[in-house]
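Labels for the chains are A, B, C and D, by order of writing; each one numbers its residues from 1.
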Amino acid sequence: MVKGRLEAFSDGVLAIIITIMVLELKVPHGDDLSALGPLLPVFLSYVLSFIFVGIYWSNHHHLLHAVRHVNGSILWANLHLLFWLSLVPFVTGWMGENHFAAVPTATYGVVLLMAGVAYYLLERAIIAREGRESVLAIAVGRDWKGKLSPVLYLIAIPLAFASRAAAGAIYVLVALIWLIPDRRIERVLPEPRAADGAAAAPPR
Amino acid sequence: MVKGRLEAFSDGVLAIIITIMVLELKVPHGDDLSALGPLLPVFLSYVLSFIFVGIYWSNHHHLLHAVRHVNGSILWANLHLLFWLSLVPFVTGWMGENHFAAVPTATYGVVLLMAGVAYYLLERAIIAREGRESVLAIAVGRDWKGKLSPVLYLIAIPLAFASRAAAGAIYVLVALIWLIPDRRIERVLPEPRAADGAAAAPPR
Amino acid sequence: MVKGRLEAFSDGVLAIIITIMVLELKVPHGDDLSALGPLLPVFLSYVLSFIFVGIYWSNHHHLLHAVRHVNGSILWANLHLLFWLSLVPFVTGWMGENHFAAVPTATYGVVLLMAGVAYYLLERAIIAREGRESVLAIAVGRDWKGKLSPVLYLIAIPLAFASRAAAGAIYVLVALIWLIPDRRIERVLPEPRAADGAAAAPPR
Amino acid sequence: MVKGRLEAFSDGVLAIIITIMVLELKVPHGDDLSALGPLLPVFLSYVLSFIFVGIYWSNHHHLLHAVRHVNGSILWANLHLLFWLSLVPFVTGWMGENHFAAVPTATYGVVLLMAGVAYYLLERAIIAREGRESVLAIAVGRDWKGKLSPVLYLIAIPLAFASRAAAGAIYVLVALIWLIPDRRIERVLPEPRAADGAAAAPPR
C-alpha cells in the first residue's frame, strides 16, 4: 500500500478542517467596528484551533515521513485521528459563541485529549509495523511533549468548571509547548537529506 | 491517461465529503451539556457515515493501486461512485435530524446500496481494461464482502419501515464486516512491496 | 514552473466545486418521502451540474496531460476557467430552487458559455506556448464538440424565455455529447503509454 | 522534511479558500434578474478576492519552487500566511454585503496587508535557510511589487474612511500590478527547465 495517498487524503482533510472553521466567523450585519465585537471570542477560539490543527499537521508530516510501510492498522488509526480532529470546528464554534463557557470549554479539552490519544495510537500502530528498533520508536520514546499534553488536558477539563480562564490558559500553554519546532525525529536522523538523497528522485 | 490525477481528484472529493458532514453538527445555542442532547442522533449518524466513507476510501485506495491503465469508462465509473458518495452527507443529516425515522433510514440504505453498485461497476470497468487474468480479477472473484453488502442493504431498506433499530443494526454490521482490513488484493499479490521496489522511484 | 501544482490546485478547486453543490440540497424538516418532493428540481440540477463539472475535469485532465511547459498566461487562463466553474454551484442552486424558471435557467447557460469560452482561451494559451505543430494543436483543430457547445448554449439562453424545457433539453444534449469519451488527444497520440514509459518514473 | 506535503497542504487550503468565498453568494429567492441586483457588490468583492488569492497562489508557487530545504520556521511562516488568507472570505463577504462601507473596506485592506507581511516573513524564513547568495535572495531583492503593495495598502486603509471608491481603486490597482506575470524568479534562473531536467524524474 502506497504512503502517498494516505498523506494526500490526510492533507486534504486537515486543509478542509482548518479552513471550514472560518465559516463559524459569520459575516455580521452591521458595518462598523462594533459589529466585530461579538465575534472576538469566536475569532480567538479560531486562532487557537488553527494553531492546534497546524501543530497536528506538522507533527503528522514528521511522523509519516518516518514511515516506510502502511498497513490496515495504520490506515484506520489515521482515520481515527482525523475523526477527532474533524470535531475541532464544532467545539471551536461552540466554545467561541458561548464566550468560553464552562461546558463548551471542557468539551474542547475532551476533543483535544481524544485527538492526542488517537495520535498516540497512530504512533503505536506505526511502531508495531516498523519495529521497536526503528528511528521512529527511538524518537517517540523521548517524546516528553506527547506525554505532557494529555496530562495538561486532564487538568484543564475539570478546571474549566472552576475557572474558564485557567483552562483556557492551559490550552494556550499546550499550543506554545508544541509551537517550538518538533525536532524529535529530525534529531535522531543524523542526516535526513542524505537519506532522501539516496533515492533516485529529487525531493521536489 | 495518468492514474495520479484520478487518485488525487478522488482523494479530494472523499476528503471533502467526510469533512462537510460535520457541518450538519450545528453549533447549539445553549452552553450546558443538555444542549448536546438533541445532537446525539446526528452525531451517531456522523460516526457511522465517517466509517462508511473511510471504508470506501480504503477500498478505493486498494482498487486503484491494482490499476495500470485508466480509460474513459474507468474515469466515468469513478465519477459515478463519487456522485453517490456525495449524497452521503445529505442522507446522514436527514437520518440524524429525524432520529432515525423510517423513511430517512431507508433512504440512507438506498444511497449506500447505490454506492455499492457504483463500486461494483467501477471494478467491472477496471477488469474490462486490465483483463480477466489480472490480479484484480482474481481478487475480486473471491470478494464475499462485496457480494454480501448489497444483500444486507436490500434487507435493511424495507426493514426500516418495520424496525428502524434493526435496519440501523444491519448498517452497523456492514460497517463492522468491512472494518476488518481488506486483504483481498494484498493476499493475491505475493509481494506488493517487491513490485513497487522494482520501479525506479521510492514509494515515498 | 512545474505542472504538478497547477494540476493539484485545479483538482482541489474542482473537487470542492463538485462537492459543495450538494450543500444546496438542504436537509428537509419532514421525515417522510413527501419531504423530498420539493428537493427534486434541486436534485436534478445537481445531477446535471455534477456531470458538467465531471466533463470539465476529464477534459482538463486530457488537456493538461499534453502540456509540457507552464507559463503565466496558462496559469491565469486556468484560474479564469476555475472562476467561471466556481459559479456553477450558485447558478445550479438558483435554477433548482426556482424550478427551472426562465432567468435562472438562462443564467445557468451564460455561466456554462463563459466556462466554455474560458476553456477555449486556455487551449489557445497552451497552443501559443507549445507551438502550432504540437500534438495538442492538431487535436484541438478537429474539436467539433468544443465548437458546437457554445453554439448550443447561445441557442439555449434566449430559448429559456420561450421554453424552459427546450433550454434544459439542450443542456442535457450538450452533456450527452461530451459524455462520449473525449478521444481527441488520445487518438492523435499513437501510443500515449509509450511516451510515458520513456520517462524514468513509473506512471503510478 | 519533504517540500511536497507543504505544497500539497497549501494548495488544499488555497483551493478551499478560493472556493468557499462563493458560498457568500447566497442563492436569492426571486427568479428574475432584479434578484441578482443586491448580489452585485458581493459578486464584485468575490471577483477581487478571487484574483488576490490567485495571485498569492501563483507567487507561492514560484516562491516554493525555489526552495530546496524546509524547516520548522518555513513551515510556521507558511501556516501564518495561510491564516491571514483564510480570513479573506470573511472580509470579502463583510465588504460585499455592506456595499463597500468604510469599516469593512478598511478591514479588507488590513487583512491584505497582514497577508503581505506574512508573505514577506515567509520569504525571510526561506532566505535564512537557503542563504543570502541563493537565487531566491537575489530575485527577492529586486521585488519592487512586494515593497510597493504594503505601502498602497497603508494608504488605502485610512482612505477608506474618506472615500471608499478611492480605497477600492487602490485594491484594484494592486491586483493589476500583480496580474502582470511575476517573472522575478524566472528571470534570475537562466534556464529553469534545464535545472529540472537534470533530475532523474520528468517534470510531470
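Keep in mind that, in the parts below, a residue touches a chain if its C-beta (ideal position, glycine included) is under 8 Å from a C-beta of that chain, and two chains touch if they have at least 3 such contacts.
As the structure is a computational prediction, the values presented were derived from the model and not from experiment.
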- From chain B, what is the lowest number of touch steps before chain C is reached? 1
- Query: Do chain A and chain D face each other with the same patch, meaning over half of the contact numbers show up on both, or with different patches?
  - Reply: different
- Cα centroid separation between chain A and chain D, in whole Å? 26
- Note on the structure: CA centroids of chain B and chain D: separation to the nearest Å works out as 36
- Would you give the residues of chain D that are in contact with at least 2 other chains, written as numbers and ranges? 2, 4, 8, 12, 15-16, 20, 23, 200-201, 204
- The residues of chain A that touch chain D in their complex are 7-8, 11-12, 14-16, 18-20, 22-23, 25, 27-29, 31-33, 35-36, 47, 50, 54, 57-58, 61-62, 65, 179, 181-183, 186, 192-193, 196, 200-204
- Given the complex with chain D, which residues does chain C contribute to the contact? 1-5, 8-9, 12-13, 15-17, 20, 23-24, 69, 71-73, 75-76, 79, 82-83, 86-87, 89-90, 93-94, 97-98, 101-104, 107, 199-201
